[in-house]
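Take a look at the structures listed below.
Each of the two complexes below includes chain A, the first together with chain B, the second together with chain C.
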Partner chain A sequence: MLRVLRFLQTVDRRFLYALLMLVVVTPFFINFQLPARVSTATRRLYDTIESLPEGSFVLLGVDWGAGTRGESRPHTEALIHHLMRKRLRFALLAFDPQGKKLAQNIALRLQEQYGYREGVHWVNFGYKVDQENYLKAFGPDIIGTVKQDIHGNPLGQLEVMKGIKNANDIALLLDVTGSSTYETYIQFLQGPYKLKMGLGTTSVMAPEAFNRLDAGQLVGLIPGLAGATEYERLLGIPGKGTRATNSSNAAHLLVITFILLGNLAMVMERRLRAQGGAL
Partner chain B sequence: MSEFLETHKDTLVLWIGAICTLGFYSILYRENRIYRFFEHLFLGLAMGYGVANVWTDTLQPKWWEPLVHRGHWWLIFVMIIGLFYYFVYSPRYNWLARLVIGFFLGVTSGRAFQAFVNDYWPQIPTSFKPVIPHGPVTTPDGQTLPALTWSDALNNILFMVILLCVMSYFFFSFEQKHPVLKRSAQLGRWLMMFTFGAIFGSTIMGRLALMIDRMDFLVNDFGPQIGGPWVMFLVLIGLAGLVLYLSKRAAERGEDTGAI
Partner chain C sequence: MFTPKTGAAWWGFVIGSLVLSAILVAVLQAVPQRFRRPIILTATFIGGLFYALEFFLPVAPMPTPQDPNRMGNFLTPYVVPFADTLPVIAGFTVGLGVINLFLLHGRRILKGATGWTNSLVFFIAFFLMLTFGILDKTAPEGSIPKNIYYLLQEGAYQALDATMFSIIAFYIVSAAYRAFRVRSLEATMLLITAMVVMLGQITVGQMLTNWLPEQSESFWGNFRVEVMRDWILTKANTPAVRAINFGLGVGSLAVALRIWLGLERGSYFDSQR
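For the complex of A and B:
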């Protein structure tokens, strides 16, 4: 008995890793979907985009890279799907060097489905440094600050930028991020220009972001993988988020099970030892 | 060569991605040279990619092009001022570095004020929440405030209690001897612990999302390259089996039991 209890407290970590891998991959081959409720935070962002008139201009911050791709890519995909479906114009802006390319690939892949064209319906402003100072300059003069898109085309000549001069012309500001770039957006763009702002953020960052949602600085929020699944459900397009959620749920169950087993074994061993049971 | 790369670009990307992913996951067995190699490769790639992007997206269009091709000669001073930073290594001329550092300290401090006001001030008035249920209310300026249900009111009361308890924990100006203050500070500390627990739980969720994304890439994106997702799944199981076998041998030799 004591040996079993000891084993449960000293399981080889590599055994756990192997088990975790199995639990994560198996749901890829099983076609099932656990029920999920759409949270108010996610629905509010969806409703805000739904309420925008056709042709409105949306700025989409894509401040993520390979490090948070698991969560940020489903966010970006779901939001671009929604923007294209609603026939909204949008611009990608990255303060992460990888963000500009990763988001560009997503937009290029989805544009055919919705009959969108780069430069006409959407544009990529590219990667920019020094977010604080950049946004200070960007707010009053978008064309003069960005100057050209990632292909070197003068921004002022692009059809997508027609009628867009400063931040007051932005109907909605969105940021998909794995870091605190959304705070800088609030500090130097959302706050000064009283813009509506939505956020897609990683699970790690989400608890802090809820303060901003309560304060009205954010109109809606997509938190982590769970949020991505909720958004895909609202759109009716099961994507990466939906598929990953089954794996995420299974992995969480495994982690919880082993935490409980380990602690239970520790308590039982202590009791046995207290009773003098050198079993 | 370039034609070959162009033709087989997608296949190469998948193979390189899969090899790099498996190389990184080799750390799960133990520290090894393969992992070290890929770690350094990625660090170098990330740095190089970042530098190239700073040039193509910022320095070239905003500084080099206007300076060289449009005759904006005064932009040369931007570089000169930037180079002043390097006088920090010169004992004789480091006052020049202090000039530019002082300038940017001032700019950053000023910006920090604006950042604080825009970020935190809106959160203060919205922390004052109604706690008595009521129907829809029309204000004198014609605004209609939504009704507050019993459950909303309860939620707001809970919010206020938590807010006050946590704030009372941070009263360090005097000793917390009063029983009410002492208890609320204690409760505040517990509530913060719950929050940290929730944040830690979210962190686990985030890390799992990264792993799921990589597994999805290996099985569903790379899998078809070697015969299908099922084949990749079997390869992964084989690799896991190998790791467990090697781990068992290492444990028997007393080298590494793998216990956490």
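For the complex of A and C:
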């Protein structure tokens, strides 16, 4: 008995690694959907986009790279789906070198489905450095600061930028990030211009972001993969988030199971030792 | 001067900047050691002063819907050109890093030291990305250099980046399994909190308390796992994060002031004395 209890407390990490790999990979081959409840934070962001009038201009920060692609790509895809479905104009802006290209690919892939055209309905401002100073200059004069899109077209001549001069013309600011870039957006755009702002962030960053949601600086928040799944449910488009969330569910269950087993075994061993029996 | 340049003007500015930078570095190298500190401190102070003045000078700081033409004060148009010096300086530090890596790995290969093959991989990767990264800018769509760059960037670099990040999951599982043990009251509280948040994050966890009524309908709805998770995140976690952020903000301000005014000790110059 004691040997079993000892084993449950000291399971070899390689065994855990193998199990984790199995439970993460398996759901990708079995297509199923579990009922998900939509959190208030996610619903608020969805409702905010729903409330925007057609043709409003949205700035979408895409500050993520391959490292957080698992969570950030479903966020970006779901948001672009929603923006296009609502016939909103939008601009992509990246402070991560990979974000520019990754988001561009998503927008290019989705544009045909919604009859969108780059330069007419959406634009990619490209990758920029030094977020703080860039946004400081961006707020008062968007066209003068960005100057051209990623293809080198003068921004002022693009149809998508019609009537857009400064940050006051932005109807909604969104940031999809795996880091704290949203803090800088809040400091230099959301706060000074009283913009509505939404955020899609990774699970590890979400607890910090709830602070901003509570303070009213964010109108809504998509937290991690769970948030992406919730957003896809709201849109009625089960995508990458829904698929990957099954793996996330399984991995969480594995951790919870082993934590419980380890603790249960520890408590039982203590009792056995206290009783002095079965040793 | 601070407008995008194209063609010959672009090349002229790039070569001119490089020559100017080389002269500046050479002059700084020639300056006696005792004068270097005041030069750096003065440059730091002027840099900080620019941003302080730009921020605090109260002349039409932001455009408004009523007056969209307000463009800040007379320093605001120079914020971006001034900030452009940062990537330039960062470029020099990267250059310094590259030289160090070359010296280190070059020595390893020449000596045939243990792991010299890894050093060789560094050189191959470096020159491959450098070459095809530059060629990608000018090569036409569908050309071989463009495809090779695509393979290196999307096929190798991004996949490796994602893999490195994904590996963390394995360590988290192993660490969580070993760390979350009910050894003390604090550890037990941590374990319970973690379990509630984890269960609240996943659909299966939420299904465990689906039989309870909605929060709006009954008191017992407060015990639904997703409601408890939300309470932990917004009521317990948020004040703690906010307190930490206040501390960080005050600390950052103090450090910034010390650096700006040249009061910071233990810096590079102190060790040079």
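Rule of thumb we're sticking to: the second predicted complex is superposed on the first by the 276 of 279 C-alpha atoms of A that agree within 3 Å, B and C clash if a C-alpha of one lies under 4 Å from a C-alpha of the other, contacts with A are read in each partner's own complex, and residues count from 1 in each chain.
The criterion applied here is as follows: a residue touches a chain if its C-beta (ideal position, glycine included) is under 8 Å from a C-beta of that chain, and two chains touch if they have at least 3 such contacts.
Computed from a prediction, not measured in an experiment: that's the story for all the values here.
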Would chain B and chain C fit next to each other on chain A once aligned, or clash? clash
Between chain B (first) and chain C (second), which, if any, makes contact with A:17: first, second, both or neither? both
Touching A:25 in the superposition: chain B (first), chain C (second), both, neither? first
Contact-wise, after the overlay, does A:36 reach chain B, chain C, both or neither (first, second, both, neither)? second
On the A-aligned overlay, A:120 touches which partner chain: chain B = first, chain C = second, or both, or neither? neither
Could you say whether A:266 touches chain B, chain C, both of them, or neither, answering first, second, both or neither? second
Considering only touches as defined above, state whether A:150 meets chain B (first), chain C (second), both or neither. first
Looking at A:211, would you say it contacts chain B, chain C, both, or neither? Reply first, second, both or neither. both
After the superposition on A, what does A:98 contact: first (chain B), second (chain C), both or neither? both
Who does A:258 touch here: chain B (first), chain C (second), both, or neither? second
Would you mind listing the overlap between the chain B footprint and the chain C footprint on chain A? 11, 13, 17, 20, 24, 67-70, 98, 129, 132-133, 136, 147-148, 192, 203, 206-207, 211, 214, 224, 226, 248, 251-252, 255
Going by the contact rule set out above, which residues of chain C touch chain A in the complex? 4, 61-65, 68, 70-72, 76-77, 79-80, 82-84, 86-87, 157-159, 161-162, 164-166, 169-170, 172-174, 176-178, 180-182, 191, 195, 198-199, 201-207, 226, 230, 233-234, 237-238, 241-242, 245
In their complex, what parts of chain A are in touch with chain C? 11, 13, 16-17, 20, 24, 34-37, 39-40, 65-70, 98, 129-130, 132-134, 136-137, 139-141, 145, 147-148, 165-169, 192-193, 203, 206-208, 210-211, 213-214, 224, 226, 229, 245, 248-249, 251-256, 258-259, 262-263, 266-267
Complex interface listing, chain B residues touching chain A: 28-29, 49-50, 53-54, 56-58, 61-62, 111, 114-115, 117-119, 122-123, 126, 195, 198-199, 202-206, 208-216, 219-220, 229-230, 233, 236-237, 240-241, 243-244, 247, 251, 257-260
Given the complex with chain B, which residues does chain A contribute to the contact? 10-15, 17-18, 20-22, 24-25, 28-29, 67-71, 73, 97-98, 100, 126-129, 132-133, 136, 147-148, 150, 152, 183-184, 186-188, 190-192, 202-204, 206-207, 211-212, 214-217, 224-226, 240, 243-244, 247-248, 251-252, 255
